[in-house]
Each structure stands twice: as C-alpha cells, then as structure tokens.
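After this come two complexes, each holding chain A, first together with chain B and then together with chain C.
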Partner chain A sequence: MSTEANNEAARQANAADTPEVSIVNIFVMGKRYQVPAGLTIMAAIEYAGYQLIRACGCRAGFCGACSTVYRKDDEQKLHFALACQTTVEDGMYLVQIPFVPASKAKYMIEDLKAEENTILSMYPEIARCVSCNTCTKSCPQDIKVMMYIQNALRGDIAKAAELSFDCIQCGMCAMRCPADIKHYHVGQLARRLRGKYIDTQSQDLKKRVAEVEGGQYDKEIEELVGMSEEQLRGLYNKREIEAKKKKKEGE
Partner chain B sequence: MKLIDGYPQYMLDSIKKVEDKRMENIGKSIEPLTMEERQAVLSQFHPDFMDSSKRAVKVGVDKGNESYNGIVDLLESPSILDTSEVDLTKIDFDVDMLIIGGGGAGTVAALFALENGVPLDKILITTKLRHGDANSMMAQGGIQAADRPEDSPPIHYLDIYGGGHFTNKPELAKAMAMDAPGIIKWHEELGVMYDRHDNGEFQELSGGGTSRNRMHSAKDYTGMELMRNIRDRSRNLDIPVLEFCPIVELLLDDQGIVSGGVAFNIETHEYYVIRAKATIMATGGSGRLHLAGYPTTNHYGATGDGLVMAYHVGANLRDLDTIQIHPTGDIYPDPVIGILSTEKIRGLGAKPINVNGDPFVFPLEPRDVESAAFLKECDKGNGITTPTGMPGIWLDSPMIDIIHGEGTVYEKLAGEVRKFRRFGIDMAKHPILVYPTYHYQNGGVEINEKCETAVPGLYAAGEVTGGVHGKNRLMGNSLLDYNVFGRRAGIYAAEYVKTRTVGKLSLAHIDEYNKAVEEAGLKSGVKAPILLPEYRGKEALARALDIL
Partner chain C sequence: MDLLYYPGCTVKTSAKCLETSGFAVIKALGHNLVEMEEWNCCGVVASLTDDDLMHHLAPLRNLIHAEDQGQEKIVTFCDMCGNTLKQTNLRVQESEEDFDTLNNFMDQEEDYKKSVDVQHFLEFLRDDIGFAKLKKSVKKPLKGMKIMPYYGCTMLRPREVAIDDAEEPTILADLLKALGAEVIDTPYKIECCGSYHTIEQKDLTAKRAYRISQAAKDAGADAIMLSCPMCKFNLDYRGKDAEKIFDGYKQIPIYYYTQLLALALGLDVENCEFESHTVDPIPLLKEKKVI
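For the complex of A and B:
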C-alpha cells in the first residue's frame, strides 16, 4: 500500500467508526467526571484535574504504584487493575490504593540457607492459606499467586521463584488475603534464595573476575585509553561482529 | 472502529504483506551501514542534528554551550525555592551522606557507603516518589559485562567508545568495562535471577552496536529484578529513606562546598534542611521534559532536577546537546504511545519491516542510527499510519518463534506479551507497531572516575551524569553505569566524609542565580526544578486557583 492509500485508509477507518471522540463518565472516589474515551484510567484522572503524587510511578506497568479497584455501575464484581495500563470505560467507580501495609521479614541473604522450611520459618502465616484463590484473582499481572504460595509452603523455592517472577509488588493480593499473607515479600525471598543458592553459578564469570583482579587486562586497556581517536576509529571499524558472523554461519 | 486481533482491517492488510514475506525476510540479511552511511542518515533525520532542537544557554557556568531547548528552558529559569522561607539555623537532618534519588544509582551508593564505614544512621536517601519508582525499575533488555571467553573488557571498551562516537571520557569508559564483571558477581551474590543455560553460564544476547553477545538479562524484567533485589538489600539493612521528599536545591557552606540540600515534602508542603558532609546526586534522567516533542519511556519523576540543582551550585554539564531516542517505542494503540518495546525483541531476531512487508535496515544498528533509519523510512512514505495519524514501523515479533522455537516469545518476553494482550494484540502472532521515543539522557553533570563533579562535596552517579557514554549510549550500558558509578560514588564519598567538616550553611548562591537570570532578561515562565510534569487537563488548569 502506498502512503497516500495507507493514510486514506487510516482516515476512513477513523471517520467511519469514530465520528467524534466519545465521552465517558467515570467516578473518582464517587465524584463524577466526564472524560474522553480511549484514555488510560491514569490519564483520565489527570484529565479530570488531579495532579498525581501517589499512585503513579512508571506509567508503564512495571512498578505497581497505581493499583486501582473499581466496580462498574451495573456489575457485582469488584475489578483490580493498574491505572496506567487499563483504558477507562463508562460507569467505572474508581479508587486508587496508593499504599499497602505489609510487614517484611528482615534477613541477610548470606546468613540463610535454601532449605525446605527457610521461607516458612520467616513467613509462618503461609501455612494458614485456605486456598481461596482470591490472591490469584486480584493479580493484575495474571500471576498464579496461590500456586507460588503453595510452592513456598511445600519448600519448592525454585518453583515459587519462577512463578512469582513477574510480580510488580503492587500488593493487591496481600490486600485481600483472608490469611494475612504478604505474598510479594514471600516471592521476593524465594527469588533471592534461588538466585543465590539454587541456580548454578557461572564459571566464566568467576574466571573473568579473577583475571581482571589479577591485572590481566591492565596493559591492553591502558593502551586503548592512550590511543588517538584516529587509531581507535581504525580498530572500531575492523571489529568482528559476533551477531553477524553467526548469522552468516547460518545459525 | 472495528478491531480484529487488536488491529483495524487496513492495518491487517499491511500485516498480511509482512506475513507473506516473513520466511524470505528471515533469511535476508541487510548489511550494517558504513560509518559514512550512518553519518548521512543521522544528519538528515535525527533531532540531535536539527538546529531547531537546541540553543546556547545564556546564564551559568556553561554559558554559550548548546543543550536541548527543554533543558536550557530550565537552566534559564529562576529557582522554585523561595530562599526567604528557609531557616538554615534549624537543621532537620544532620548526616554524613545525603543521597538524592532512590533509584538504582542512589541505592547502590548507599549500600557501598555503608560497607565503607559510613554509619547507618548517618546515611539518608531522599527520593521524589517511592523508593524504587525510577527508570531503573523499568529496564527490560539487559546489562552488559564482558565475561564470556570470546569477549574481554578491552573489546567492551571499544564498543562503548565507538558507540559514543568517540566522545566519552576514556577513564569513565574504562571504569565501566573493567568493573562490569565484578558487578555481575555482586549481583550473583545478592541473588539476582539472571537467565542462564543449564550449566550455569549466562544466556547472553547481542545488543545494538555491540560486537559481542554480552547482554545479561532476567526475562524482560531485568531492571525490575535488579532494582527489587538491591532495594530488598537496602530494606533489610534499614537504610533510612525519605520518600515523597524531593530535594529542591543544594546547600553550600561558607567555603563554597556542597553541604546537603533542602527537601520538600510534596504531600505536606513543608521543607526540611538536610546538612551533609558529602552529597551524591542520583536523580536519573529527564524523559518527562519531552525534549524535541517526543513521547518518552521514562518514569513519572524523570524531570531533570539533578541537572538544574547541580548547575545552580556551579557544576558543569556536558553532552546535553544529544539525547537518545529509542527506535522501538510503541505507537499503537494510543494508551501505550511512548512506552518501550525492548531492544531484546530485535536481539532475539525480530526485524523492522515497512508498510510493504520489506526489511530496510540492519536490525541492530546503534540506537540513534536505527531511529534515524526509521524516521527516514516513514519520511519516504513507507511507514504505517495509525488510526490517530501517527506513523510507525512494523517490528515482526512472530519471527522469533520461527527462529528459536514456538513459545519463545511468551517465555522470553512475558512483560511485552502482557502489555499488548491487554489491548487484544498477540505479539507472537502479529507484529507490533513502533516509532522512536525519548529514552535516555546521554549527557549530564560531568564527573571523573571517582564520581566527583566540578564542585567539591558533590558527587554524582547514574543517568544524571555526563561523560560515561559520550554522545550516545549503547543498550545495557546504563544499568551497568548505575551499578559501576553508584558503587564508586558510595566508596569515594565515604572516603571524603572522613576528612570533611561543614561550615556555615548558605543559600546565597540561589539568590545570585535568580539575579543572573533576571539580569539576562530571561523569562521562561517556569521555575526550576519542576519536580513533576504537568499532565492535568487544559480546562481544569485554566480554572485552577493557585492557593498552595
């Protein structure tokens, strides 16, 4: 498709289906505001006139600052969402949860061992899980939260670490858990234990650190630091590019 | 507008062409550009090369030096702090080390300051939002370190230096390359879950502009995995953190040495005077200034405050006449505009494709070159126009599963997959649409290899600094940067603290700066630093009463 045809198609798609920007009603802590459709919940709240201080961090789904609970006009269900990653819908009653109180165990990772009961001993309340699955249903990252808690309880640290990996620590699971479990702290501990004690460590890295510390590269790097731009350009342009080489070898 | 799999019909028509040529395109290799070709595309299409993007600053130590307009606007503004309201005789916090910014660099600095003898209760991190609300949390792709047998720190050095167009400070590039393996080792000890092969060796990918595969990653949440680990360490040690309290200006003593700062509680609107023997600036980047009008990948608090505050005490800045636009910002659908789609997508083999289904550029050029090539392709009319009229380039993500086996996209790019799934798009099945976005502040406060700035008492580390990457940064080198220089700042500032005595505190430099701005006849209409970007609705703002 040529640009003009493409542009024209874009215009038509737009014109035919969205005659003008439609407006939706949202309720920010019960107060009604009219905002354009298509905005994220976060942008809609700002459009309404709020300057966010709490409940806004990365604006991209990475930090868990913008936990939002909402219910729609005509629905029973309580929804959980990230305000920066969810588009507004008509009739949303919104409330931001800017902070979740959840006490964290204190530890020095080097003093722990990755044993079956390590997590349980630091977070004994995981034994009280009643398998209601509310945590999983509340998670905006679609993490199998209950599963990672169950794995932590069973002492399968590696699995708990893996299942909890995408946790952005928003706290919505912990807000709703009838057993007062602080899931995201449990996941954090599991991941650190796995990273430090369970995953095999790199031998290449160990060797390289020793080489650097032993001064093996000192001379070479000093030579580079001392080179003129012209010399460096020469070397730079002659670099062998691994990614390209592999491709040529048909990898 | 009717959407099928998240796309309107006319976009699917273009996707059809991408699909038809996919197998052929996977086999087709486009050569990297020569240095001359790179230069040609950059000078025509990159905002760094446009006169309209920048100007010379008229006030302060860098008078006459060019920076991006949005930064010069702030430098040519009076201070946000009304010095007459601050009582410097009442010290709220008296510490050895003030660390400004609770992101990666700041937290790493605190950990190493503690390890190097600064007492726990004499360290204070102040931060604008929550501890960890930072660009560091958002990095996806990975971190570089030359640890494979076929790689070495000198090769890494050459990549850093050439990637920066030979404008980096050599001693800083050297520190990066040489410290890198030790940093990864430290992460291993903390318990970072890097992606590994079964034998424990790291899975290392290539990145734009690097000659060896040395990108260590933790799925596509590398930054988050690092930041939450480092923060967990800091929390376990009880390192004091003051949240929602950005620093608004630095304090000097009667010797002209930086001696702490004034914090502003953005919730209660009171200020705190913090006296410190050493101060580390670790405020990160400036994406939220939307330089040259680009959308941004950065977090909400990335407003360049550190540049302004350091400049007010006389620290020089450098390389702020360049910014890094990232080629693969999202451009469709509207709610994700500006958000990053990680470079790892290209690292895994996805190629940029134009409206006709054809590849047009080597996928892993340095970012500035890759971005310029995208802008050029769109300028030629080979972009895809979104329903709201923005141009974009296809990034053919389904190639990844064909190359590496089914399920790779879901496994290696879980965060990306989730982001698009929220809007009905399955990136393992369909390509995604991208366009350059403002990603990284290449330059900043000039430092040396001990993280010292031009002003005694003031250290700096991380994205706020200048010199490490010269005029362009390579992927994976800024996570490394905040670790290498966060660590060094903590160590060297801890050393400095031992000999320092603080004299009488003063804010006279702010009054002088304001006067200089006024005398130069500069009227930017804002006060700096700005602390937060302004996103409130225009109408709401027009009717607001300024009572706070």
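For the complex of A and C:
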C-alpha cells in the first residue's frame, strides 16, 4: 500500500472517528471486521489491515480495477460495485476481483471496415446472447450492457459505441455471462470503429497531430522533461485555461 | 395506420433488401411501420425443450418492450423472428408456471401482461388488407412470370403458430395470383431448405437447394418466391454453390415476396436492392418486361 493510500485510509478513518459515527460489520473473504460506517469499501478493507496489491487502481472510479462482488447478510442476490466508489454497509460479504480472464480479438483497426458483420466476425460469441440481462445487472456503471451487445449483433456499431461509452472495462459482465461473451472488449471495438470510421473527423485534431509529428513541440517537451517537480507544479498552476480565457473575453 | 415493427437482426444485416422492399410496400399501401424503440434478438430458434426457459427470455423481452410502447400488436418480416415470438407468446399464455418462472428471473422488468399479438407481415397483407384489395392496387401485373411459391418451415410449423396450413399452404400462391403471376405448384414448396446446416454442411444445403429449385424448374418455373431470410440465403447462395456440384445446373433467381409486390405496385426497382442477391434476379424481370 502506498503512503498516499495509507493517508487516505487514515484520513477517512479519522473523519469517521467522531462520537456519532457508528461501526458496521463487514466480511472480507469470510472474516468479520468492524469498521467505521462511511468508509468506502476500499478504505474499509485497508482499515481492516489489508494491503491492496491488485484490485486497486485510480481510487477515483475511472480505471475499473477495483470491481467488487458482495452479498448482504440476508439477501438472495449478488451486488456489484467499484470498491473506491461505494460505501460499506452493515453485513456486506465482500470479495475483490483482481483480474478477469477474457480473450480478446487481435486486429489492426486500419485493416477493418465498419460494416454490419465486422464485430460479429471478431466476436462470433455475441450471437449466443439469450438476452438474460445478467450482464446489465452486474454492471457497476449502470450501462445497458445487453442492449449494446444486441446492437453489435445487428450491426449498429454507432449505437453499441454510444451505449457502452461509460464502460471502465472492469469485466464483471464477462465474468457473469452464461454465453461467455466478452462484452467490454466488444464495446471497445465498437467505440474504436465508430471513432475511426463513423464519426466526423475533427479537423483540429488532424492539424494538431500533424504539428506534433512535424516536431513543433519537441523542444517544449524536452524542457518539461528536464524540470523538477516544483517547477512543473508551478507551471501547471499558472497554465492558461481556454474556457476561462474565453469567458473573460466574452465578459 | 401506424404499426409497431419488430425488425430482428437479419433484416438489419444480411437481409436488408427484405426490409427495404417491405418498407416501400407498406408506404405505398398507405400505412407506416414504426420500429420498436428497444428490441433485442428474437431468440432465433424456439426451444422445444420442456425445462429450457432461458431461450424464451429474448422473445418475451420483446413482447414486454411492445407493451412498454403501449401497443397490442407487433409486425415482423422475418419468419424465424415471427416464429420464436409467437411460440413464446403462446407458451406464457398456456403455462402459468413457466410464465411465473420467466417473470421472476427477469425481476427488473415489468411483468408481461400478455396483451401483444405477433403478426407476420404476410398475415397483415392477407387478413388486414386482403389480397382482393391488394390486387386492385397492382399497377404492373407480373404477367408471364412462372413462379413457385416456397414456404419453408418456420411460417408453417408448429401448427399452433402457423400462418397457414402446414401441408397445403396457399398464402404465397394466393399473393402471386393477386399480383398476376402464374403459380407453379410442387410438393417441394414445403421442403426444408437445410436451415442452419448451411454453416457446417455447406454441400448438404447446396444439394437441398438444388432439389427444391430443380423441382421448380421441372414443373416449369422461372423463379422462386419466398419470405424467410434463412431459406433465401440457402436457395440463393447455396443454390449457386450447387452449380459446382451438379454439372450443367443453373440456379434460378429467388425473390422475396416484398420485392415482387413492390414491382407489381409499380414501385422503383431500386427498392428491391437486387444487387445483394447472389443469382441476379434482374434479367428475368427484363425478359418478362416487369421492369
């Protein structure tokens, strides 16, 4: 566990260490721990003394590394969450999923075409979907997972990309699917195809890439690489924010 | 009239010409097909196993989506979609126990209220519009075209969901007559096309396509008219393969009924998207002066 993570756990614990804060019972891989209510699952596991080596990443709900499965004491159904985004509740039986084995199609995006059967040819198993919707129920991002697979199946790449846009690749869908579909890879392919072949290309981006490739920023990058952390921080804090600048001009 | 339309995946991918020509037809007849806001795969093959309810989830979800849109009827072009949707609809009507199990499994959806009727587009033409009335809309009769109507299996079986008699169907023949074509009848009109054997046993399917098409030719037909995208693929694409197996054999063109209907209604040939066919259907139409 990094110092930062330690501090974070301590900070959350301290904040919770006031008389009115109650203690909840959680179970980490079957063992009971008493932790202050209000902690995230991740902070609670660290509070209980575990060091997170895997199943922990950005701590900000973006990287999808900390997918967690839990069941509450008296409930029939499983729940799915990101450990860094969900607070502990009394009676949670928790397990962290450190890694999802999911085969991924190999392709060169340049060699593909955005056609009706492109995704199906890369991931033929999407035709096995029985619309049970278990994937959707297991998504901590509340994405309509089954519907984007269905859109991929019928060749609607743009819609599959749109519906899967909030995916953080945690892989819970693929772990739960009775048809062994690797949903999150399918969604990623849909978004890549849409970005490359369907959406209008941004002219600004094209221009900027040409500038970068032409070496226009090489010198500036070299200067940044040579700077100390302090210099970098100073520069960052003084940076010009385009939106703010425009607002000022507008006023 | 606005009709709620269930497309299915095939008409969005390999059978686009069925949807395009069907849409042209419905518009010409003064109606409107409105695609369902949300739909999933129909389930493809209706499971006949007593305890296999998992495969009824997909069709049931579609029926619920139709109810969500406040509609009591969905219309579909695809025979297989129509079949699975109808079979599941029937199953939940007949078995309260299966219905409960399915509803309980889905839990997050509204329970199905069993209010939706599934209609094949051919049924809409026959029962809601009527072939006699349709005949009056024909602007370009298919004069001189000798066509074998081909039914396949999924619009006729099982009997409980069939849109016509399973052994002696007439719906496509009646439509052909209304369009002014000459109907060539053979017992092969209800032979199986080979269905999904087309994936693993291409030769077997090619041979079936040959038997069916050759029977049509022997009886004097110039072409075959059908409805099912699966049958269309096997008779058209695998039928072309059969040319390599049977010396001197030439596959006859395969038409969707929506395409011939579009032409008979005087609509532009563009609506038929014939370029997606394997055996070119255009020369025969030119020869018979339909286009």
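Basically, the second predicted complex is superposed on the first by the 182 of 251 C-alpha atoms of A that agree within 3 Å, B and C clash if a C-alpha of one lies under 4 Å from a C-alpha of the other, contacts with A are read in each partner's own complex, and residues count from 1 in each chain.
Note that a contact is a pair of C-beta atoms (placed from the backbone, for glycine too) under 8 Å apart; a residue touches a chain by one contact, two chains touch by 3 or more.
Predicted model, so just to flag it, every value in this text is computed and none were measured.
Touch criterion met: A:Arg192 reaches chain B, while chain C stays clear of it.
By the touch criterion stated above, A:Asp73 is placed in contact with neither chain B nor chain C. Contacts of A:Asp90 after superposition: neither chain B nor chain C is touched.
Looking at the superposed arrangement, the partner reaching more residues of chain A, out of chain B and chain C, is B. With both structures placed on the common chain, the touch criterion links A:Lys244 to chain B but leaves chain C unconnected. Look at A:Cys132: by the touch rule set out above, it reaches chain C but stays clear of chain B. By the touch criterion stated above, A:Met147 is placed in contact with chain C alone, chain B being left untouched.
Overlap of the chain B and chain C contact sets on chain A: empty, with no shared residue. Those residues of chain A that touch chain B in the shared complex are 1-4, 6-7, 9-10, 12-14, 16-18, 38-40, 43, 46-54, 56-63, 65, 85-87, 104, 106-110, 141-142, 161, 165-166, 168-169, 188, 191-197, 199-206, 208-209, 212-213, 217, 220-221, 224-225, 229, 232-233, 235-237, 239-244, 247-248.
If you check the complex, the residues on chain B that touch chain A are 1-2, 8-10, 13-14, 29, 32, 35, 129-130, 132-133, 137-138, 145-150, 152-155, 157-159, 161-162, 166, 170-171, 174, 177-178, 181-182, 184-185, 188-194, 196, 198-202, 206, 211-213, 218-219, 221, 223-225, 228-229, 232-233, 235-236, 238, 244, 266-267, 297, 299-301, 334-335, 339-340, 355-356, 364, 381-389, 414-415, 418-419, 422-423, 532, 534-537, 540-541, 544.
Interface residues of chain C facing chain A in the complex, by the touch rule stated above, are 7, 9, 12-14, 38-41, 43, 54-55, 57-58, 61, 105-106, 108.
Of all residues in chain A, those touching chain C in their complex are 116-117, 120, 129-133, 137, 146-147, 150, 153-156, 178.
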